[in-house]
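Encoded as structure tokens, the structure appears first; notes follow it.
Chain naming follows the written order as A, B, C and D, and within any one chain the residues start at number 1.
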Amino acid sequence: MELTAVLALPLIGGMVLALVGHRRPAAEINAAFSLLTLFAAAALTARVIAGGPLTAYRQQFFVDSLNVFLVALTAFVGFTTALFSRPYMRVEHDHGKLTALRLRLYHSMFQLFMFTMLLALLTNNMGILWVAMEAATLTTVLLVSLYRTAASLEAAWKYFILCGVGIAQALFGTILLYFAAEKLLGSEGSALLWTHLDTVKAHLEPTVLSLAFVFLLVGYGTKVGLVPLHNWLPDAHAEGPTPVSAVLSGLLLNVALYAVVRCKVLADGALRSALAGQLMMGFGLLSVVVAAFFLSRQKDVKRMFAYSSIEHMGLITFAFGMGEATASFAGLLHMTVHSLTKSAIFFAVGHAAQKAGTQVMDNIRGLIKINPTVGWGLMLGTLAILGMPPFGVFASEFLILTSAMRQQPWATPILLMALGVAFAAVFGKVQPMVFGDTSARRLPHPPAILPVFVHLALVLMLGLWIPPYLAEWYRQAAKFIG
Amino acid sequence: MTAGAAWLPIDAAVALAACWLVLGAAGLFAPRNLAYVGRLLFPLGALVALLLAATGLAALHASPQVMVLALGLPDLPFHLRVDSLSALFLVLLGGAGAGISIYAAGYFRPGEGTAPGLQCLQYHLFLASMAFVMMADDAYFFMVSWETMALSSFFLVTSDHRIPEIRRAGYLYLLIAHIGAIGILLSFGVLQGGSGDYTFAGMRAQPHAGWWASAAFGLALFGFGAKAGLLPLHVWLPEAHPAAPSPVSAMMSGVMLKASIYGLLRVTFDLLQTQLWWWGVIVLALGLLTALFGVIFSAVQTDMKRLLAYSSIENIGLILVAYGLAVTFRGFGMAALAALALTAMLYHCLNHAAFKSLLFLCTGSVLHATRSRSLGRLGGLIHRMPWVAWLALVGVLASAGLPPGNGFVSEWLLLQGFLFTPGLPHGYVNMLVPVAAAAVAMTAALSGYVMVKFFGIVFLGRPREESLVQAHDAGTLERIGLTWLAALCLLLGLAPVAVIGELDRVTRPLVGHGLGEAARAGGWLLLAPIDAARASYSPLLVLAAIAAVFALAVMAVHRLYHRRVRRADPWDCGFPRQTARMQDTAEGFGQPIRQVFEPFFRMERELPSPFDATPRYRVTVADHLWHWLYLPIARAAEFGTRLVAFLQQGRIAVYLLYSFFTLLALLFFIR
Amino acid sequence: MTPATVSIGAQFINLLAAVLLLLSFAMLSQRRILSLIDLFAMQGAVLFVSTLVVAFTTGQVHLYYSATLTLVLKVLLLPWILHRLIRRLNVKWDVETLINIPTTMLVGIVLVIFAFNLALPISELAGTITRSTLGIALATVMLSFLMMITRRKAVPQVIGFLAMENGLFFAATSATYGMPMVVELGIALDVLVGMIILGVFFFQIREQFDSLDIRHLEQLREE
Amino acid sequence: MSATTVILQLLQVVVGLALAPLLAGWVNQCRTWLQNKSAPPLWQPYRQLSKLFHKEVVLAHDASPLFRAVPYILVACMALACAIIPTLSTDLPFAPAADAIALVGIFALARVFIALAGMDIGTAFGSLGSRREMLIGFLAEPALLMVFFTASLISRSTSLATIVETLAHREFAIYPSLAFAGVAFTMVSLAENARVPVDNPATHLELTMIHEAMILEYSGRHLALVEWSAALKLYAYSCLGLALFFPWGIPEGVGLANFAVAVPALLGKLAIGGFLLALIETLSAKMRIFRAPEFLGTAFLLAVLGMLVHFLLEKGI
């Protein structure tokens, strides 16, 4: 059925591409598998909307409104990224940056990466969640180091070590969770099933849970890229191939945050105090402010947008930390628009960097001249990510800020100040890239500009009109996030 | 709601704004086709603007109407409301927009910056968003329209983005607009006062305690002031206005600045129930500073569009002075006087919209004819482009605040307002007022200086460049636009009683009083806002008298004597050889002001040495605030970034240490 | 299962826990890389034995599987891979540390105390025979963390990473009689794959910088 | 308004037009006396005007229509001013059309136009003169306005007729503020009428002249009109000063009796005023152009002080 398909398709895709990934049509195969996954995800979504939450395979898998929406998002962005990477990777190959074998590695790892993320989202078992997260790290490590340049190796190394260590903390947290749960649920496998934990969360031992949550937060927080655990993120984004940067920002961070949120629900249930929320708010605020100040120092365009991802993840974490219907709603909305916008930006940036032959912003000029669509894509995407209406990012930021004004008035000026700084920094750097006279060259392959504008159109729509069922869906999810 | 078959003004207004959007989108079908965009779409846009103005007039007479669109956030759909205040500003938008659009239809040339189709989209988006700003009735929709307005105008400003200065101007503009928007958002956050209801209706319902009200007001003043060009947030204005294509400059200066005034009024007199008198005093002071600053700087400009931009700052200052006066009166509970000041303010909004758009459009024509914005390269254009020159003269007289122009009426009302301040129950304010009045008078006089400089150097005298000889007059569509705006100026100048009758409908809901019947009591001819014995003014009579004497004198002189005229070279005290270069340059004309107000400027002079074979004289006049305010802020931010950069130093051991310490700290924290 | 055996088993486990802690201190202070690997292997052996004991005393069947898993993976496979790597990369150098050994040891002591205090209230709640070992597991984790921070070369860092894994594994077995089987398998798989990827990495790093000194990996930073 | 008032209104304008050159002549005569010169006859200005009217107009090649229109506009403005300043009566049907503020506006209008005319030919002196004229203007105008404000604060009105009535016909009260205002007004009117110490109507010395510099290019009937309007301006200012500070003798009612009183009173006051003006001009020396802002700044300051004094001392009155 759908769930199986959602998980199996990317896995099979990974296998297949591991064999034929170096052939000419590999990119198309890749896109095809992603498309099929998207269909499966859509079907699954439809099913859940119709029938409500469901579990499968002896409750090892669990689908509810929260993760199904992330599944759909992941599958969608995965597909558009595959579309984008088709011409992009071809150009890289033609420039001799990548051999055919590397392309094979890329394609199969891309599919496997999708698999691990979907697994992490769909599983009901906190242990498997951990396994999947770790696996996601491993696959992406290979993707980040794809170019085998000094910088990419260094980035991959840091990514591996930092995330590995972080994830290890998460494992300890999971053990503690299990340790707390087994006294209630018995020591057989069911003690790690989230649904069961959720039912008994009120009786879980507070001291253990608080300890566990700290470990889990630090562990998964590392992958979310919360300051000060964020240091791997800019390097990995800047040095990997652009499609990978797009999925990292667009999807992986979301998945990690999803794990944190799941844990927060349990912790809230057990602790009867706002501890978890306060921790998340603290991390979120810190991330927003620090990232905002980082932005203005950047020279590498992908690095800059990586920092902006940190900023937005901080914002979302803050929203979930406030933990109230509107805030969580806003957080989910922001997850959506951020991953759509940010991946769109990375698509545009990828083409721009290829045209200019560099990622250094000072050497990218006048995109509008050489290729208006890419230029406008980058400009509009940037404005959207900076929270300019009428794009959806503003909608979610508006909701976050307004609920902050109601609950944490003290935090609002800080957030707004950070947003202002970010605006000054990013826009000041992007404007000359897009406008002005150019030095870029034309490329043999036409850029895949469709994904960019599809994403931006969706974001624009979300800014002006949120479809009722989508809103309902967010509401359900927000309700049980708390 | 819009239930029922009745076709309310609000429906029409929304529909018309939507029409603008459609027109804009239509521009994308043939972006490079100038005939299609220029001859079809822009005139249609002008038509829509006219209809919108009519709708606004209708709404001015109707009772407030609301509408909810099924868009926006799930819990906060787009609320729209058209009351008399919105209606007035819609009239302003439509009236000025009609002239500007028809002018723009003839203005855009091929191969200038962005494709005309794209500009058409941005331009109409700009218009529509302004219309929505004036109709929005909840914080979210307001912010969306507000920022869309900023964004579209930003793209229009940077439409010739190959020039770095223009890019810089655009960046500065959008940045300050965004920061202002943040202030506005915060102000709304304070206004909803914890109720979580972000509709304006909900905010009206909130009782605002003193300090919170003050906070909301302060934030709103900051936010809207940033957009209006209030000191010290004015720096973007003289950069952005010259950078934009002239119709856009006209639209920004004539209408967009008023949108921020509208927002200020909306927050102060509608959303807030209480107005404290000292708010007014603060705004009064700021407004005076802005006005004086603006006019002094515009007197020393050498670029005609910068000159006009600074004069816009001056007018915004005057508007804010009137506003501050109104708030003060209101704070002391003097409704009638508040109404007087408010009327003066609204009237000046209308006037400025009319004459400043007119003047900016004239500079546009001059720019097209001569390819130069620098006053030093112009002159004598009254012979080459008489249409533009004479229409500009109307705007110049209005802008200089001379009777029977329209600028004079609002200044007259404002000064009347000042004359009533002795009634105020507060000693200091009483003492402050004469000084304020004096400053206002001085500003008005200085604007006369500025306008003489502008008109005299651009249109009179002899051409300073050979190339000016083949300057051509404006095209038909441009003439229509200019004439329309000039007609508006005359109308506003000559029919004050009627206009005030309309403004009465606006002031009543806001301050609970109006000048309507008092003005009507004086008869349609005579404007007497309080009573005829106290003060009265009749522009029509003045004009009639002047015209009559003029005609009589002409006839008499020609009848009694002769009408012989001999053409000769100018005498000029018998100087033998005169060149056009001997006329006053813009620098020269500004020199007395530079000398009198030296401390205001940050000047760099290059004086030629007496033995210099080819003497050169250079002076640049800059703004102190850059060095006193903006650079320090920039440096502070830079410092912050340097601090955080220390976090990311590349050593993995250090990174591990961070996470280790984080872990330990958290464990400690929860123990 | 008589209480006697249980108590004996408990004591035995505590003993092993002590040994584990000792070993991690030894690793912290170890200068030579080959012996570092041996120490790691020993740690694995201790883990294996303790798992066996727990399995025997509590009769949890799946613990036998995990015990064998430990044996194969952590005592035989990983050390073998590491040895091979060392030989292939023929790196024979001693381990350099960022801070000198004694300081490291002192910090380590502090950490141990902290860990014990942290674990104390929790082990009160533990229903298992091996309650007191949780603190030790935590201490092991933190010590390996410290080791990763202080080591300057790539290989020792990885060994620290694996040692951390060991600590976690020990916590799992001793505090909760082991995680569910699926999870354990998953974890093992991850560790294995990670190890292999790292192996590949080493070679790439080598051919890039012709050394495994991670000081070469400090180029990406904010200037 | 009755027919008589209308007649009176027109009469006032006509008297103004007629008397203005005479006043100018009278001032010149006094000045020459005071300088021990032999004076020109009193009606010299009339002769000059008619001579100019008969001369043909010599117009620079690139003079625009504006240049030719300006003289008439000037005359129109000044006539309007004469019409609303109460000289022979305070009951003027036309007065409501423009109050004190509007009067200032009308003067400003005239100034702007003459300045524009000065720049129209595009000679060095013309623009120089216009610049200086505007410089004088932007300081003199607010000062004049403040003078009016002081008066109108006292009389709680800005309509000149009302002001004069209150000052003339209310029970006698001493207004210290008016003293300040008076001094300020004198200084302003000196500047506005291009008199020593600000300007010197008698010279064509390039570096010092202001008014003359602007009208250098005028000739023939145009020049005549400009001169006439200058005389009218002087007349208007004098009447204004007299009406504000020595309002006695301006009747409220209409009728020939009043008229019979009013005209001699006016003539007498003008004679004295003119003599005083000449005296000032003789005693003071022409100052450098950049002293002028200081001079007028002082006037401005005095006017504002006058208002403050009013707030301080005369709130009760």
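Here, a residue touches a chain if its C-beta (ideal position, glycine included) is under 8 Å from a C-beta of that chain, and two chains touch if they have at least 3 such contacts.
Just so you know, these numbers come straight off a predicted model, no measurement behind them.
Without subunit B, the contact network of the other chains breaks into the groups A, C | D.
Look at the CA centroids: the one farthest from the centroid of subunit B belongs to C. Here the chain pair with the top count of touching C-beta pairs is B-D.
Our note on geometry: subunit B versus subunit C, Cα centroid distance of 71 Å, whole angstroms. Averaging Cα coordinates per chain places subunit A and subunit D 79 Å apart. Subunit B has its Cα centroid 44 Å from the Cα centroid of subunit A. With each centre defined as the average position of its C-alpha atoms, the distance from subunit C to subunit D rounds to 103 Å.
For subunit B, residues touching at least two other chains, in rising order: 644-645, 647-648, 652, 656, 667.
Residues of subunit A in contact with two or more other chains: 157-158, 161, 165, 211, 234, 294, 297. In subunit D, no residue reaches two or more other chains under the touch definition.
Chains that are in contact with each other form these pairs: A-B, A-C, B-C, B-D. Residue ranges on subunit B touching subunit A, taken from their complex, read 70-75, 139-140, 143-148, 151, 158, 161-162, 164, 167, 170-171, 174-175, 178-179, 182, 185-186, 189-190, 192, 194, 196, 198, 637-638, 640-641, 643-645, 647-648, 652, 655-656, 658-659, 662-663, 666-667, 670. Every residue of subunit A that touches subunit C in the complex is listed here, in rising order: 60, 125, 127-128, 130-131, 134-135, 138, 141-142, 145, 148, 150-151, 153-158, 160-161, 164-165, 168, 171-172, 174-176, 178-179, 182-183, 187-189, 191-192, 205, 207-208, 211, 234-235, 238-239, 294, 297.
Subunit A meets subunit B in the complex at residues 157-158, 161-162, 165-166, 169, 210-211, 214-215, 217-218, 222, 227-229, 231-232, 234, 275, 279, 290, 293-294, 296-297, 326, 368, 383, 386, 388-390, 394-395, 398-399, 401-403, 405-406, 412-413, 416, 419-421, 423-424, 427-428, 431-432, 435-437, 463-466, 468, 471, 475. Interface residues of subunit B, counted against subunit D in their complex, comprise 379-380, 382-383, 393, 397, 400-403, 408, 412, 415-416, 418-419, 422, 430-431, 434-435, 437-438, 441-442, 444-446, 448-449, 451-453, 455-457, 460-462, 526, 528, 532-538, 541-542, 545-550, 553-554, 557, 560-562, 564-573, 575, 578, 580, 582-584, 588-589, 591-593, 595-596.
Note for the complex: subunit B touches subunit C at residues 644-653, 656-657, 660, 664, 667, 671.
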